[in-house]
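Look for chain A in each of the two complexes below; its partner is chain B in the first and chain C in the second.
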Partner chain A sequence: MAKPDVNPAIQDGGAHGFLSPAAGFRPGVVSRVSTALKEGQVSPTELCQRCLSLIKATKFLNAYITVTEDTALRQAEESEKRYRRGQSLGDLDGIPVAVKDNFSTTGIETTCASNMLKGYIPPYSATVVQKLLDQGAVLIGKTNLDEFAMGSGSTDGIFGPVRNPWSYSKQYREKCGQNSHLENEDSSWLITGGSSGGSAAAVSSFTCFAALGSDTGGSTRNPAAHCGVVGLKPTYGLVSRHGLIPLVNSMDVPGILTRCVDDAATVLGVLAGHDPKDSTTVQDPFNPFKLPSVIDVSKLCIGIPKEYHIPGLSSETLAVWSKAADLFENAGARVIEVSLPHTCYSIVCYHVLCTAEVASNMARFDGLEYGHRSNMDKSTESMYAATRREGFNDVVRGRILSGNYFLLKQNYEKYFIKAQKVRRLIANDFVNVFSSGVDVLLTPTTLRDAVPYVEFIKEDNRTRSAQDDIFTQAANMSGLPAVSIPTALSEKGLPIGLQFVGRAFQELQLLTVAKWFEKQAKFPILQLQEMLDHADALSHQKISLSS
Partner chain B sequence: MTGLALSCSINKKSLFDRKHYFYADLPAGYQITQQRLPIAVNGNLSYTLYVGAKQSQMVTKNVRIKQIQLEQDSGKSLHNDARSQTFIDLNRAGVGLMEVVMEPDMCCGEEAAAAVRELQLILQTLGSSQAIMAEGQLRVDANVSVRHPGEPYGVRTEVKNINSLRFLARAVDYEIQRQIEELENGGTILNETRAFDYKLGCTIPMRDKEGKQDYRFMPEPNLPPLILYDAKSLPANIDDQQVVNIDWIQERLPDLPSVKRARLVEQYGILPEHSFTLLNEDGLMELFEDVVRKTQMNPKKVIGWVISELLGHLKQYDLTVKESPVNSVSLADLLNLLERGVISSSAAKQVLEELWKGEGKTPLQIVKEKRLELIQNQRELDQICQAVMEGHQEEVMEIKAGNKKVLNKLIGLVQRATQRRADPILVKQILEKKLSQ
Partner chain C sequence: MPSTFSQGNFPLNVESIKHTIDQNPEWQLEEQKPLPQKKVTMELLDHLERLALVDFRNWEGVERLEKAIQFADQLHEVNTEGIEPMDSVLEDRCLYLRGDNITEGNCTKELLQNASQTAEEYFEAPPGNIPLPKLEEHESFLQDSN
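Now for the complex of A and B:
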């Protein structure tokens, strides 16, 4: 297989090559590509084709469930016509994007990585998907995830696990003393984190410029941190959930994964706003914003929650977190320790509320109207039972059972109501901190850098989720916006991300701070070429690519 | 609107819940309803019954409204037992419904039917619903229990599959009877759901609920609390179109049936029973008032024509008021002719029969065609009476001798001679005058 002709400068959006790998800073990737498209330096079709061939070359990452080659090329062609007429729809016109496979897309299979929905073709598109398409974005494919978005590794879907592109990076391989030989290759690859691992890997490996994920307990921010990309969780109620196959209605939000903070702001500008089809979106009008290029953080107050300094936190991540705090302080910001006293209860509280809503949301999968239906036909009841056993994996079934238990009449007060009250307390912790003068919180996103798959699967999904969600889930409980920014490489040469949590609906402030930090951090670009060499070698060796 | 019309307290904040169970016609696996806090509570519905030997006495009764809640409809299941198949029609699944829950204040099928009838009229007046039971726009489930006076309420059964007011009365009465017999034979009543079989006129047990089902109620996370405002609580800068103002709605409520009936009685001097009939038939009240406006005839006489004659004909031919071949204009014209003495009452009935054919003729045209005009010429009448008297001396003698009944025979003879074109009252006067001479 011939290596695809990839121009890293174009893939990075640096049409004028001002981005050197050493500098590592890429402001406004999408807007630069957009400019290149407008000026005719590259055409939407070319861009689309490059992404498609790169997807083929990186197939071993297993980031995509469906690659929508035909529709993407058609969309690219339409975009090209618009550019030629000088009538581009905006910054996203002609830009390849990917969408996590738990968003409904008209006419395109949507599986949630589950047998229950294998072969399911939705008759409508999620609002956020439609908004992207209305702006002329080119939908390049549906990305892989943990089944029904339940998990923190993107390892538990029926299409197999997603591989972290950094497993094949020059940075990682050099640090780990790996050479180009393949001896332990297949057993040492790393997880992406989850559950939006496919989307994170897709953005990270340059096969698209932005991707939609979902975030219920950290599912966008976690893989963003592990894959070295920006992962934004907007305020609950800002972005429509219509068409996002629900996990926990009171916590889910569509997440945005991009290569830089400016891009996240661009995509948010397209997606945010009231949707009559989602009664939980706020009515207030949303004004899309562009982030300032000159940012002064000296007037800011950054809060460091002391309860997030836990034993499980790796020393490297702790060091990076510290260094970041110092960075703000040196720039004149006020950096103070704050307390979120109910943090220790959040895992259990999250577990009760999450499983209860999951049990409710999964009740619709009965095999009658759509999706998998078992052949068992002795009675309707037995058909339901067999369908749901065959259609759902252990993780999903476990959560359904737990959730139903908590919702039983005799347990409702003790568990569900109690958890609602604790949730209120957790949310109030943030309210108190933000009303005491703190503008933004700075925390780690994950406990450590990405681990190898073989190590990750030693613990079960529930254990892993409980561990890995610890820094991220509070933002879902309280509905606040949060963003993970790739900060530095670990000793192994793997990405470490830090999280900023902002005030409700203050995405402008949150992303402004994040952008400043991104500029300071100068996180390096993933060295792509190595990965393609690997792909070449792999294909020659005809190694099986399933997990 | 319905809550206000039923004198309920409107909850300015109400909540939505999910009620979970698995059934083929429930695609989401749960129904959204208002279990914790419904939109309206504690109301009242007054209705009337005809009681007594001849069903002529009107009695007013009351049933308390426990609550009104908003919820989702399920789909429809159609069973084909022959092939062990069930067909599911999901067209109505998810559509919003209003459930009105009444307290057990009714004692028999007749009361139930009357209460529901009044509710139907109210819903139709408000425009909340057409409430046609046969078309499933109003669905009624009856909860029936029996007990000895003074004892607490007995175990209740729920009776479904009732498609008309008549079947409602029958189903309730059957179930009462069944339960009494069951208990008197030493049996017990199960808290179950039964279906009304309209062909057999009885209730049969339906799907078995396996003891008590736990619906695992949970707040509906996708629907925030429903907030309604009144004039006092309305926030200042809010868009009128975005909120529901209870006071605004209250001001605009149309006259409820009971108010309309009272007004009709007061304004036109008709009997209360008449007002019920006018409201019971769709469009009849409007027709009546229209005719009254267009004619000089006393409304108390008009009502007779509208109910006995017009409505009588409609019932005979199974037509609605809208489908009537005789409209208010024709009827008013006809009654005017009668009122002015141009025709007699029996002639008017003849004209109505002709009008009913719907050939587009006016009453006046028909009168002329059929030569139904009363003889107006006094002298002509006088001569005819005279002639009849002269031709029937025997009868004249009898009347003069004191047998007044024979006068009717003479009147009849005059009618025959005039081909019924003589006003019988006038004829009687003329004859009496002559006889006393």
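Now for the complex of A and C:
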């Protein structure tokens, strides 16, 4: 492939000039790329090829399970034809996007990072995937995750853990005095958070412009915070779950990961709305919106839930949270302390409800109609049992067993119904706060910045999830929209995100506030070059080792 | 370009909110509170394995369950008198029902192609109505599947 001439749109500080460090904050990355495509500054095929080669260069991140090179290039060519005819489908036409591997995609392997679905090729696409494709988006690949989206590190899938791109950033390496001892680096890399870690890493490392994740307890917002990208969890019922392999039917929501708030609004505009194939989507008409460029927060009331200040919160995140509250107050907003009294029970409640619904949802995997099937054939029951033993990892099996325990006749009332009652109390906490005049809540997204993998795996999956989900999952319990915004770098040079929680179906207000905040924060861009150098060095090392 | 939040840039003038966020932490993230240890009997384990069609595999799996139960027991501290259980956050809305019209189908081939064992237009299954063996016989039975 001939190297294209240096194109002003694609130069300067990285693979894509749209990320020019000089710009600092870049509103509407997708719309700028879209303009560039319309004006012919860059072609969809070129864009696609650049993303594909960047994926190859960043293979060590393990963000992708499947890279759909052929279909992506084909889609890019179709897009190019449309642009030449002046008939682009919209802002997403020709834009490379990635999809978490728990969304069904026609003809493309969908594994949920589990042996149970390895080799499974869905005969249909999830509604949200189809909507992206109908807008001309280019599907560049399926991203890595924790097995069946159970986890908060993207470390527990069969394809291995995902590495946080910031592990290789100039910012992190400078702060941590890293030299080029590759062995050290290789064992000190950081987790992405999870379970949508692959999607977060893909967006963060510039290999796509937007990615789909899923969010049941924080699985989109958690990795967004750790990878320095925007992670949006829409209101439950706004976006179709048809084709999203379910974890917890009453809490699952497709999540959107992008590099800026404007892009999240663009993608939401494409995805939201009633789907006849998902009866849990509301029938209210949804009007896609563009966020205003001039935003006045002086009439807003921002709530700071006092129960979110817990001992495990890192002092850095606390300071960033505090400073953010200041920013709003200095801009004239009313910033007040509020109370969500049942916060301390939300993790326990989630634990029971999640395992109970998981026990039900995982029952469909029996080896008969799809997925892995054991060779055991003495009886149907034993085949099911062996298939599930072979197909699921310990985390999944553990949750199924716990869930079944809570659903036993003698436990149903004590645990499951009890948890449902506590859920109402938690949801009511939010209703009370929002009806007292608060517009948006401001909280941390995670307890601290990303930890090294070797440290993360010292605790088991359930313990980690209980710790890491603490700020995020109450929004899933109550169905409210929430978004994580990259805010600042920690002392180690790693991203810290803050979360905004809004009223149900008020994504316009939520994202407007988030956009204003994003502008104030001026979160720095991940310095990519170091990462590519590292990849180069890694591959040279491999060559020298093999010779 | 330094970000608004870059280290050392804090004006530290957080007076108005200081009291909100700098108060002592509200509560502890406690994993295991000292509640009486739940007794998980062999009978219960066997029962769960049959219901779930998933096995504990080893004692670690059993420990995991015991910890999960202990953790869940914290729920009983909450007073939920007079509170109705919540199934769905959309409980105030009518469930959408579409018209009873056929909109798709005729996809037998697609549906069968993902199954490992089919015969004509059937999914093939081993003989049914054979209960899993009793707990004592588990080990030998499940070894065959590896």
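Convention: the second predicted complex is superposed on the first by the 518 of 547 C-alpha atoms of A that agree within 3 Å, B and C clash if a C-alpha of one lies under 4 Å from a C-alpha of the other, contacts with A are read in each partner's own complex, and residues count from 1 in each chain.
Keep this in mind: contacts are C-beta pairs under 8 Å (C-beta built on N, C-alpha and C of every residue); 3 or more make two chains touch, one makes a residue touch a chain.
On a predicted model such as this, the values are computed, not experimentally measured, just so you know.
Q: Contacts for A:K409 in the overlay, against chain B (first) and chain C (second): which applies, first, second, both or neither?
A: first
Q: With both complexes overlaid on chain A, does A:S360 touch chain B (first), chain C (second), both or neither?
A: In the superposition, A:S360 touches chain B alone.
Q: Which partner chains sit in contact with A:A272 here, chain B, chain C, both or neither? Use first/second/both/neither.
A: After superposition on chain A, A:A272 lies in contact with neither partner.
Q: Look at A:T380 in the shared chain and tell me whether it touches chain B only, chain C only, both, or neither; answer first, second, both or neither.
A: Both partners, chain B and chain C.
Q: According to the stated criteria, A:S250 is in contact with first (chain B), second (chain C), both, or neither; which is it?
A: Both partners.
Q: With the two structures laid over each other on chain A, which partner does A:Q520 touch: chain B (first), chain C (second), both, or neither?
A: A:Q520 sits against chain C, while chain B stays out of touch.
Q: Taking the superposition as given, does A:A211 touch the first partner, chain B, the second, chain C, both, or neither?
A: Touch partners of A:A211: none, neither chain B nor chain C.
Q: In this superposition, which partner touches a larger number of chain A residues, chain B or chain C?
A: Of chain B and chain C, more residues of chain A lie in contact with C.
Q: Could you look at A:Q283 and tell me whether it touches chain B, chain C, both or neither (first, second, both, neither)?
A: Both: A:Q283 reaches chain B and chain C.
Q: Output check: A:L300 vs chain B and chain C. Expected answer is one of first, second, both, neither. What do you get?
A: In the superposition, A:L300 contacts neither chain B nor chain C.
Q: By the touch definition above, which chain A residues appear in both interfaces, chain B in one complex and chain C in the other?
A: Residues common to the chain A contacts of chain C and of chain B are 250, 279-280, 283, 359, 363, 366, 368-369, 380-381, 384, 404, 408, listed in rising order.
Q: Give every residue of chain B touching chain A within the complex, in rising order.
A: Touching chain A from chain B are residues 18, 20, 22, 24, 27-30, 86, 88, 90, 214, 216-218, 221-224, 242.
Q: Can you check the complex and tell me which residues of chain A touch chain B?
A: 248-250, 278-280, 283, 356-357, 359-360, 362-366, 368-369, 380-381, 384, 404, 407-409, 412, 416
Q: Within the complex, which stretch of chain A touches chain C?
A: The touching residues are 21-22, 24, 120-121, 123, 236-237, 250, 274, 276, 279-283, 304, 306-307, 309-313, 318-323, 325-327, 329, 335-337, 342-345, 348-349, 351-352, 355, 359, 363, 366-371, 373-386, 388-390, 392, 394, 397-398, 400-402, 404-406, 408, 414-415, 417-425, 427, 460, 462-463, 466-467, 470, 478-479, 487-489, 491, 496, 504, 520-524.
Q: Give every residue of chain C touching chain A within the complex, in rising order.
A: 1, 3-7, 10-11, 13-14, 16-23, 25-29, 31, 47-49, 51-57, 60-61, 64-65, 67-69, 71-72, 74-78, 80, 83-90, 93, 95-98, 107, 110-111, 113-117, 123, 125-128, 130-132, 141-142, 144-146
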